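Here come two complexes built around subunit A, the first alongside subunit B, the second alongside subunit C.
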Partner chain A sequence: MKISKKLYSYYLIWPALLIYSIFFVIPAITGLYYSFTDWRLDRESIIFIGWDNFERIFSDKTLLLALKNTFIFAVVTVIGKNLLGIALAVALNMKLKSKNILRAIFYSPSILSVLVISIVFTPMLRSDGTINRVLDAIGLHSLNQAWLTDPSIVIWTIAAVSIWQHVGFQMAIYLAGLQSISKDYYEAATIDGAGSWRSFRSITLPLLLPAININLMLTLIGGLKVFSEVFVLTGGGPGNASQVVGTIILRSFGEGSWGLGTAVNTLLFAVVTIIAIPLLIFMRRKEVSE
Partner chain B sequence: MNDKMKKIATGILASVMTVSLAACGSGNTNSENASATDTGNNISGSKVTIELAISKSSQDSAFVAQDLLDEFEQKTNIKVNLQLIPAEQTATVLQTKLAVNETPDIIQYNLASATTDLNLERNFEILDNEPWVSRLLNKDVLSAYGHVYSFHVSQDTGMQGVVYNKDIFKDLGLTIPNNFEEFLAVCEKIKASGITPVFMPFKDAWAANIWPAAAFADYAAKHEPTIFDDINTGRKKWSDIPEFETFLQQQYDVYEKGYTNTDILSDSYDMAVGKFLEKEVAMMFMGDWLIENVSEKDPNMHLGLFAIPSSEDASLGGSPLGGQLFIPKKAKHMDEAKKFLDFIAIKEVAQKMVDDQGYVSNFSDVTTPELPEYKQEILDQYITPKKTILTTDAYMIVDRSELYRLLQDEFTGGLDPQGVLNAWDEKFSQLMKDKGVEGF
Partner chain C sequence: MSYSRKMAWRNYLVEGFLILSSLLIILPLLIMVFGSFMTSSEVLKFSLRLPDKWIFSNYAEVFREGGLGRAFLNGLLITSISSILNIVTSSAASFILVRRETKWSGFLYMFFFMGLIAPMSTITTIRVVQWMGFYGSISSVILIYASLNTAFSVFLYSGFIRSIPKALDEVAFLEGANTFDVFLKIVTPLIVPVNATVAIMVFMSVWNDITIPLYFLTDSSDWTMPLSVYNFYGKYSRDWNLIFADLVLTSLPVLILYLFCQKYIVSGLTAGAVKG
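And now, the complex of A and B:
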């Protein structure tokens, strides 16, 4: 009787599980299989080729560059979005008259489409664009750059644009975290003679850890899966300078190498999993220990 | 009461099932009858519907004008059903249809792209023996691998070279350059007048391919006609031909000598019309479609086209971009599809299409109408004296986007011409291997 009651509660999960299986689990498993094949639409048959696609990924300079760019983008955006997000949240958690307006202003870019951001930033980032003109006007000629066409800095520029766009979203999560911290802690710390920095380090940061964990995971997974920012701002160019794993997958499919594209996708899935899960476990432990 | 209800419900259910079974039976009979009638009619020449697949971006194509389709249907009792495919998915949708044997009877596509995207040899019918072929003036624009694979009444679509502003040339007393040195001299004079000689919109990587695509093909036709066969069978590499390196260097020299817009990697093709309208630039390596685009905005602009001056007396590049008609080998209505081409090739029908569209006729018995000035010049100076050459793209059977990116990389300073060719050799070899081409 008990068992049947327990089973009954699982019946409710079945529809969701079924849909999830059809649209995610089965495609993921078939994708894994196809990443070991030479799948191309212009071939009569699909042949199992073992690790060939993966060997090719690690011997292709462009694919390796794409991996490198993906990691640069992920690291830069994780650091940038979270440091700035915390800073903005702390600043806008203070008693300011304009804090609600400022919160809305900082959050607003994150609701815009990447396409709109691209349309706004592309002319601004030209050699003769607004950003360089402003730099010239304030005497910082040495900082003048070909932001989107210099291969050595293009991925950093795209990361900066992404930070600008999404930092408001991270700020909102940190704000929610900050507001859940009781003011009593700060009052006690003030009585004990702690300064702002000491309060931040000993009270805010530890109690903000759940929010930090969420934001770190979101920005890390988002950073490793980057596609749209690169696609709309540079298309992976100039040349292949800003290719990331996401654009390489698109390129592989465009070239008709569907098996290779699927293999790159599988690799991306593995990389995200290998990095994200241990990090999540580590951060959770820290959270508990605090 | 419950039992009563059950009985009533069973009765209703039984009635419904009986009625529906009867309806099914009736339906079957009807459809059988209809089928029999259809078959009977087919034997006696009943209506057949053929499917014509076309990208949504080409929905204004002359081949699918309603009056043409109506006339065809009226005369042959063959109906043409259009399959409009979203522009950005055309290649993928057609690849899928061909792969799963859901082939349309006719496809409108670009010949050069069909060779790379749609596996022309495997998927499409050779049309060498069709009755209209003997009347063609220029088989080349419809051919690949030595066979006629496509159909069009025009031979002038997609000519590529240097688009130039005739008024600027006239004002500065310039003549069309016949080789690279003369071209540089022309650039120098234009630059001295304060106008940007050449507009390079290389943010769009494909735009960097106009110069080499014509120059490579011109060199091959004049000096080594078997180059592309050798390259496509793995006997030669792109980097084995020193002249190819020279042509890439030439284009880079034009930029390095300061004859272009400064921010070539930020400027895109969609800025070109404005640049010409504002007379900010005098020339651009592009196709004649740019002239059409500019003329639409300002009919008083006098633009012309001359061959890429990569070597002495070069031919004008030709890429059949207008969209030709192809018949898949697995077309369900092969004969009817061929009848559609035969119908358009009828002298009167082709003449009307050529007149309406301002085409340069590709049929010996169809007269080319009065053309816009620039088109007439192209006809007189290049097409009639047979000084056109299919651009290199027509000979490459793999996706070319990586080549375009490598060309773009030359202008970031990341690769020199030799580096571009070496990297393309590597990629080309891999792509050919992927396609299962022998020799790779």
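And now, the complex of A and C:
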């Protein structure tokens, strides 16, 4: 034990630690300070103003809507990507003739840029676009929507596009998890007379917990950081109906109100941490007890 | 017999349903690919059909008008250097983090892990880069990408290195090797599959990103492909055939990379994320 401490010298950590600290940690920490200032691009002096930025965030309708939209997007995509991801993984783990090609198809959109997918969907989501025309053609005219221009559904549409694109990535992680479960468990369960639902609940789900854990974290954190989808699909519109924290930060950056922008970022940081850390601890504990 | 026949039926049912749902994924992508070969008036229906006449010159036009040659090289430069930098630094750091079982290394692991959770603070990062005097440069963007991916890479590497027996290192130490030798000659060959996974993951996320160039590349001649495509999309909003060709072109590099390296993606994710 003593030998190992001396032999594994710390200097191999330094390059990663330096790059990570300078370009990620220091900005995060200084951001904490700047969120309590009136830092503006067009002014020389930076004055400490206490909680003013945060009070402004919580009294500004657009900023509040952006927070709400960010939450809706995160929750909807976490549920959609994980439920569909597990379902796809379980189905594609069965003995199917076309499983390899199907896996590749479902995975393929997630390797493309969000920009590509968002631009492809833009014309299809118009009122006279492909999706509404298909709905008409199969007799579901009543489901027609102004997908990207109706303020009450636009954030849901953006979430749906994101689920469409990334569900294959979650599926791949779940498949990897499923393949690490030994077949013996299922054989034993079949002999004991367990049906497929019972096996799924008592064997698959518990043993899949590490994969569920990592997927919940990835989708939740990714969801709260949403930016590109909204930026390309709507730019935050119509009006401000689909603004999210990420687009608000870009806007404050463009307007030169940098103090406010960093305050919004700090708030996002706090929210992500408050949600993610207990979830992480909870999931780790569950995993260990299995 | 009847049980296995029931299973077979269920499999056919599931397979049929999956094939139908896979159309939901394929069709939008096919609309893009077929549309990229159409005339600008034919493409405007945005429905799934083969082009009346395949117009390959759309691609040449986009390549010329969109300045894609330059953007491709920028993307290749930024993506490859930041991937390599990230691989070398993260794997070396993870090796020590996993092997030294002290409180301090446990703390450092959490310190890196926070990077998975915390969102990037864009505006203050600009401030730091300005202060260092290279805001707007390609090298600043390379370092930012390397730092942004550190957390995920350390997470993947640590999971994998933990499964390599420590006894291997100990033998080498007894023969008089130092930390660096052990890392280079023993650990590096064993983590080649994870290197491949990290390389692909970083390459894809950097190649596809628009956020960092949007904030950090002030000169459009430094832009990567997706941001050039976004710019083109704004300018040529009527010519959807050209926009689609542009989208296909920016997707090709990652698609080719994926086809050659797909086995590493899943195996690496299994080793690092699921078991780790």
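The rule is short, and it goes like this: the second predicted complex is superposed on the first by the 282 of 290 C-alpha atoms of A that agree within 3 Å, B and C clash if a C-alpha of one lies under 4 Å from a C-alpha of the other, contacts with A are read in each partner's own complex, and residues count from 1 in each chain.
Methods note: a contact is a pair of C-beta atoms (placed from the backbone, for glycine too) under 8 Å apart; a residue touches a chain by one contact, two chains touch by 3 or more.
Computed from a predicted structure; not experimentally measured.
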Partner chain in contact with A:149 - subunit B first, subunit C second, else both or neither: first
Which superposed partner A:127 touches (first subunit B, second subunit C, both, neither): first
First, second, both or neither for A:276, with subunit B first and subunit C second: second
Superposed model, subunit A: greater residue contact from subunit B or subunit C: C
Partner chain(s) touched by A:265 [first = subunit B, second = subunit C, both, neither]: second
Partner chain(s) touched by A:95 [first = subunit B, second = subunit C, both, neither]: second
Which of subunit B and subunit C A:79 touches, first, second, both or neither: neither
Which superposed partner A:203 touches (first subunit B, second subunit C, both, neither): neither
On subunit A, the residue positions that both subunit B and subunit C contact, one per complex: none
List of subunit B residues in touch with subunit A within their complex: 95-96, 98-99, 119, 122, 203, 205, 262-263, 265-266, 398-399, 401-402, 405-406, 408-409, 411-415, 430-431, 434-436
Subunit C-touching residues of subunit A, taken from the complex the two chains share: 3-5, 7-13, 15-17, 19-20, 22-28, 30-31, 34, 88, 91-92, 94-98, 102, 104-106, 108-109, 111-116, 119-121, 123-124, 129-130, 133, 164, 168, 172-173, 175-177, 179-180, 210-211, 214, 217, 221, 224-225, 227-228, 231-232, 249-250, 252-253, 258, 261-262, 265-266, 268-269, 272-273, 276-277
Residues of subunit C defined as touching subunit A within the complex: 11, 14-15, 17-19, 22, 24-26, 28-29, 31-32, 46-47, 85, 88-90, 92-93, 95-97, 99-102, 108, 111-112, 115-125, 127-129, 143-144, 146-148, 150-151, 154, 166, 169-170, 173, 178-180, 182-183, 204, 207-211, 214-215, 226, 229-230, 233, 240, 243-244, 247, 250-251, 254-255, 258, 262, 265-266, 269-270, 273-275
Subunit A to subunit B touching residues, read off their complex: 38, 40-43, 56, 122, 126-128, 146, 148-151, 236-241, 251, 254-257, 260
